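Worksheet: the structure to be examined is printed underneath.
By written order: A, B, C, D, E and F. Residues from 1 in each chain.
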Amino acid sequence: MKKVEAIIKPFKLDEVKDALAKIGVGGMTVTEVKGFGKQKGHTEIYRGMEYVVDLLPKVKIEVVVKDEEVEKVVETIIKTAQTGRVGDGKIFIIPVEDVIRIRTGERGEEAI
Amino acid sequence: MKKVEAIIKPFKLDEVKDALAKIGVGGMTVTEVKGFGKQKGHTEIYRGMEYVVDLLPKVKIEVVVKDEEVEKVVETIIKTAQTGRVGDGKIFIIPVEDVIRIRTGERGEEAI
Amino acid sequence: MKKVEAIIKPFKLDEVKDALAKIGVGGMTVTEVKGFGKQKGHTEIYRGMEYVVDLLPKVKIEVVVKDEEVEKVVETIIKTAQTGRVGDGKIFIIPVEDVIRIRTGERGEEAI
Amino acid sequence: MGILLLLLIFSFPLFASEGNGLDTGNTTWMLISSALVVFMTVPGLALFYGGLDKSKSILNTLAMSLVSFALVSLTWFFMGYSLAYGKDLGGFVGNPFQYFMGKGIKGINPDTHYPALLDFMFQLTFATITTALISGAVVGRMKFSSWVLFSILWSLLVYPEVAHWVWGGGFLAKDGALDFAGGTVVHINAGISALVLSLLLGKRKEPYLVPNNIPLVVLGSGILWFGWFGFNAGSALSADEVAVYAMVNTTLATSSSMLSWMLVEWLVSKKPTVVGMASGIITGLVAITPAAGFVNPTGSIIIGFLSSPVSYYMVAKVKGKFGYDDALDVFGIHGVAGIVGAILTGVFANPEVNGAKGLLYGNPEQVLIQIKGVLATILYSALLTFLIGLILKALLGLRVSEEEETYGLDESLHGESAYKI
Amino acid sequence: MGILLLLLIFSFPLFASEGNGLDTGNTTWMLISSALVVFMTVPGLALFYGGLDKSKSILNTLAMSLVSFALVSLTWFFMGYSLAYGKDLGGFVGNPFQYFMGKGIKGINPDTHYPALLDFMFQLTFATITTALISGAVVGRMKFSSWVLFSILWSLLVYPEVAHWVWGGGFLAKDGALDFAGGTVVHINAGISALVLSLLLGKRKEPYLVPNNIPLVVLGSGILWFGWFGFNAGSALSADEVAVYAMVNTTLATSSSMLSWMLVEWLVSKKPTVVGMASGIITGLVAITPAAGFVNPTGSIIIGFLSSPVSYYMVAKVKGKFGYDDALDVFGIHGVAGIVGAILTGVFANPEVNGAKGLLYGNPEQVLIQIKGVLATILYSALLTFLIGLILKALLGLRVSEEEETYGLDESLHGESAYKI
Amino acid sequence: MGILLLLLIFSFPLFASEGNGLDTGNTTWMLISSALVVFMTVPGLALFYGGLDKSKSILNTLAMSLVSFALVSLTWFFMGYSLAYGKDLGGFVGNPFQYFMGKGIKGINPDTHYPALLDFMFQLTFATITTALISGAVVGRMKFSSWVLFSILWSLLVYPEVAHWVWGGGFLAKDGALDFAGGTVVHINAGISALVLSLLLGKRKEPYLVPNNIPLVVLGSGILWFGWFGFNAGSALSADEVAVYAMVNTTLATSSSMLSWMLVEWLVSKKPTVVGMASGIITGLVAITPAAGFVNPTGSIIIGFLSSPVSYYMVAKVKGKFGYDDALDVFGIHGVAGIVGAILTGVFANPEVNGAKGLLYGNPEQVLIQIKGVLATILYSALLTFLIGLILKALLGLRVSEEEETYGLDESLHGESAYKI
């Protein structure tokens, strides 16, 4: 099993979530994060003094899936989250050794 | 070493935290997240228009432990976080290659 | 590739971020988290009744880098985030199997 | 005669600070009423709207109310007051130069026994809030520069004219239209303009009401209620029994309207919301505005109770069906409850309160007069707002870019973010 | 005689808008005082309580104050005012039909020189806030429907009766009990009812005070202080020196009480909290309420200074020991400081201020009269609230389900969440 | 004579509650004005400053305003009022024992026709807010105990003296200096003290303005504006035409100043900010304060319009260059706009408004008198604040530890956190 961890632009969240649900992803976990990267931050000015915001709001989506579903998930995320502009984000694939569903105690792939 | 990553219901946090501390877990990191899964979201209605909230508040607990402690931690989480109702959450076991304690520079298991 | 996940004290964030940028880290993702560990929490008192806050504000920095850059990143974080006092935080090294840049679809090390 | 003179000399210093017919009680009442209505806009309305909006545009929403207040204060001083209260020209407008830049507003008004400048002040507060009200319909997508220009033009071309018709001796005044504190002049006028402007602008990308800060909404509606005592009871222009009626009616109608909105929600969805209660507060305040000094308390309770379901139906059902994006329901609440209130004033006006007679007291014609006032205002304010909108579209463009909308107007237009908590 | 007539004709238009004994200064004072007390409840008290509560129930907390205001306005109009101020029946209650639905409240009150309807209005604001005050003890776990019914019953069966005893010519008035602005009628009454109702409801699952938004608490207490000037100084029913004393005393007692709460915290835990300072503000305001127009400024400073440590001791020590869950300390602050203030009024009342003499000025008996008033109120209000609570329990149930409590009342009862920041 | 007596007996009950020269209209005006100025500090200023500060120190910022209000109320009662308004001693200070602890403040003031105690009350509100204003410069790093002592000393050694010079019959009054509502006494005085104290304290570790809650800033500035009507128009000490001028001027100057700040930002950085608009509001309010009852509306618009660019330049350019850490720009806004306003009062004072003549009306000397007042205040207030600061440094230390600063004063000094949202 793998954890697909995608950092995307916040306003793409709903689209990505719905697209993942549509391809059969049964669960995901979403975190508000801040990102630093190629995308330049913006400047806020308070009473004439600049305050540089170089950590930009992003959203992290974590989806744990079976190995064979990784590609489909990655593709779906790319398709929906892509705007083609700098700052679209990254996807990381991380190995997962086991999954447990707390409610039932089930383990492994059926717990996903 | 492994990272045990548990997504649980927010109001179970204190219980789980205390139970983990009791079995000797020395540290953990907690994040507020939103979860999407089998548990249905709820509806908020503002001036008659429905607004569906399908990302539910959850809490993510991350505990890095020695391999041999994983099972104890998992069991403890299941025991305390389980309500038996949909949405109780998941536990993911992820490999960790190294751990460093920033304060001392110690590495590996003693740094946990 | 590896994900270097560092839990640090919030007021060290800017320093660490700048130091990482200086050594050539091209991107990172930051999350506000709460930490439980050796560092004792504090007490808030409302109308004479104590309320113990044992989850302390921390910041999690995630940086995905090539294997050969892990040490440099770890050292930089230690150097800048260390105050020598309890609660400085931890660094976890986690394997990453693949990286995708959403904007371009690039994969692997060039996507970092 | 000698005795009278003695009397004059003797008694003035005791009751009034100047021997010139000044009534310090009335003056105080109108001073504080004016202050209260300023407080309604800055920060009352600003926060009410701000709390209802999405968190990425709250500052823009606040800025719209603030800038309208500032601009309209000045246009009112410049020419607005003259247009509304200058010598009547053909029943339609006042002489624009009569009080041009404050000229000639001096001394004590012999009818009201307070300084004439206080009339200017009190009416200024009405012009400012009416303009600011419109902003609620267009938040989240309008260019700030365009809103600035809109405020200037609307406050000169629309508000003072309608105010003149009703309060400045214009044609509706001559007809005997009843509008105690501005159901027509303020709320229908703003509500219709809001609808037209939101149609010209088009829908937001996410046309939902998702309040970012409901405690702020409650705060805003509380400030509005408080200030509305100055708005309604101050419109008696005197600290007398009519003012007291206006205050009691404002309280009871608003309570009753808050409860009827709550009831509708309880019946429809089993959950009475706090946003709904706040909406009921505003609906009740609006509906009682034209009636406040004309009806008795029982009448006010009925008016309040009827207004909320009508507004609820507009915002929850009709709006969705027609698909216009009146973002914070300025038309649905101010326009609609304003119309309900204006017409019911013609029904419930009780001669024992303030002389005016409504349908229930044997004067059915009053209802027709009220309807005429409503229609005249709707027509004029729709037409003029449409024209102003077209001009602005040509000059500056009305709408921000899609990207600016997506990221939120706070960041893109003001370079700020509301909360760093 | 002819001269007098001339006089009448001549002088009225100068000082008063109507030739009927109207004092526009007093009328203005009572109009604005009424508006100020409305502002105390909506939104002052609502926000004060809301800020102190947990973030998952803030909207329910706001809703309780709002709905109480609306309901009690109407019950007051319906019958409450009659019960309190109608012709005395046996020292216990007023004739319930005398002012039934506003009947006969007309003209100028010859004693106060303002419209009689303004008495109705000013007293309405007291009835509403007193009911709303109680909600602070029961937040986080009470059914909203049950609170609605409670407000209706309590505002008819408890508040007007106690108000009648003290202010409406009832038996405590005849005894000579001193209660300038409602230490007994408002604060002890609400505080005891709050205690009883919280006992009936039982403890929350997490019976801690964990304020979600302390700036909101400061805002709420600031609005309460501001409004309290209307509450206390308005209770002079005239813009005169007694009103000024009441305002000065309210300021000094509250300052002194804020400082003594701060001092206690500084001594006990080394950290003076902002919640503590806000609590000291309310404590001082409550304690000076019965005394405001009777004591001199030095007396007010002492009353304020003594009240905070007593309330602090109740909420920080006694509450924990007895284990009742008076969530936002309505009993600990309003009840306790109300008792302290009521008794100290009997000690410090200075005849130079307003005629009434306390212990320090040679009238020890006044203290006993005050204690009698306190006890009568405690007994009546505890008993009646207990009975109302039992009825509600039988009819609707008092408490939400455990799950609703866990997820927070905002989501489960109102279907909303306060912040989307 | 008999007729006059008759008259007295007959007419008093109609217009005034007591037969002693009381004007209930003026009394009401000063009561409500006093309440308004209290509301400016608690919670207006507290929230304005709190919203502008970082989220880790907002509660400390709130606490500073609250505690100053409480302390200065008491020092004012103790001796401040005497120092300011007691019998003049050498043009410099009032007899400190004349009104010691409220002694002898009784009866109706024959000049103003309201109770003498109301003078005490109204002036109290000025002393409290002036002290609290200073806190804005020192937030984020000052010991709370040190601030407590500072408030006590400053409110006895600095404020009443300057107030005496200008309003209590001191040397500037004798010169004919014009300061309608406290440009010099309040704003320059506080602004300069703020600068000196911030220099003594040194810079914060993160000397940036990063507002944590801009809606709170808007709320605070709205409350300040509302309260400022009491501050400025109340300073007429009578509900008359001068009060109305003051209210109108306050409105127009503030509107104009809000717009000119906005304009500057629009030109400089293309993005008009809401913090900027709020800053323009305060700048305008400050600048019109000394002039409010002396200039005509056109004058007020010009004063407002000029003040913002000057303050903007100070806070955006000069401050950065000199590197002092006036955290929330008390000097840059209150000090600087106070100076601008004080001098321009000498230019625009229009004899038709209130008798006083400025440069434009043929009295160039007035400008010099104004400058003298400004300089005297700057010197005295800088020197005394410096001395008080040195004493505090020796006694208690001024600054918190680096660690306390890093974690924020809320946690380290008050043991609380503002938001749990």
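Here are a few things to note about the model shown:
The rule we apply is simple: a contact is a pair of C-beta atoms (placed from the backbone, for glycine too) under 8 Å apart; a residue touches a chain by one contact, two chains touch by 3 or more.
Note that the structure is predicted; figures quoted are calculated from it, not measured.
Common neighbours of subunit B and subunit F (chains touching each): A, C, D, E.
Of the two chain pairs examined here, B-E and C-E, it is C-E that is joined by more C-beta pairs in contact. Separating the centre of subunit B from that of subunit D, both taken as means of CA atoms, is a distance of 52 Å. Centre to centre, using the average C-alpha position, subunit A and subunit C are separated by 18 Å.
Per-chain CA centroids place subunit D at a distance of 32 Å from subunit E. Among the residues of subunit C, those in touch with two or more other chains are 31, 45-46, 94-95. Shared contact sites, meaning residues of subunit E that touch two or more other chains, fall at 3, 7, 11, 15-16, 23-26, 28, 32, 210-211, 213, 219, 269, 271, 273, 275, 415-419, 421. Taken as a contact graph, the chains fit none of the simple arrangements: neither line, ring, star nor complete graph.
Pairs of chains that satisfy the touch definition comprise A-B, A-C, A-D, A-F, B-C, B-D, B-E, C-E, C-F, D-E, D-F, E-F. Residues 3-4, 7, 11-12, 15-16, 21, 23-26, 28-29, 32, 36, 54-55, 113, 210-215, 218-219, 221-223, 225-226, 229-230, 233, 238-241, 243-245, 247-248, 251-252, 254-256, 258-259, 262, 269, 271-275, 277-278, 281, 296-298, 301, 418-419, 421 of subunit D are the ones touching subunit E in the complex.
Interface of subunit C with subunit E (complex): residues 45-49, 51.
Within the complex formed with subunit B, the subunit A residues making contact are 3, 17, 21, 26-31, 64, 94-103, 105, 111-112. Those residues of subunit E that touch subunit B in the complex are listed here as 406-407, 411, 415-417.
Contacts from subunit B toward subunit A in the complex involve residues 2, 6-8, 31-38, 54-55, 58, 60, 74, 77-78, 81-95.
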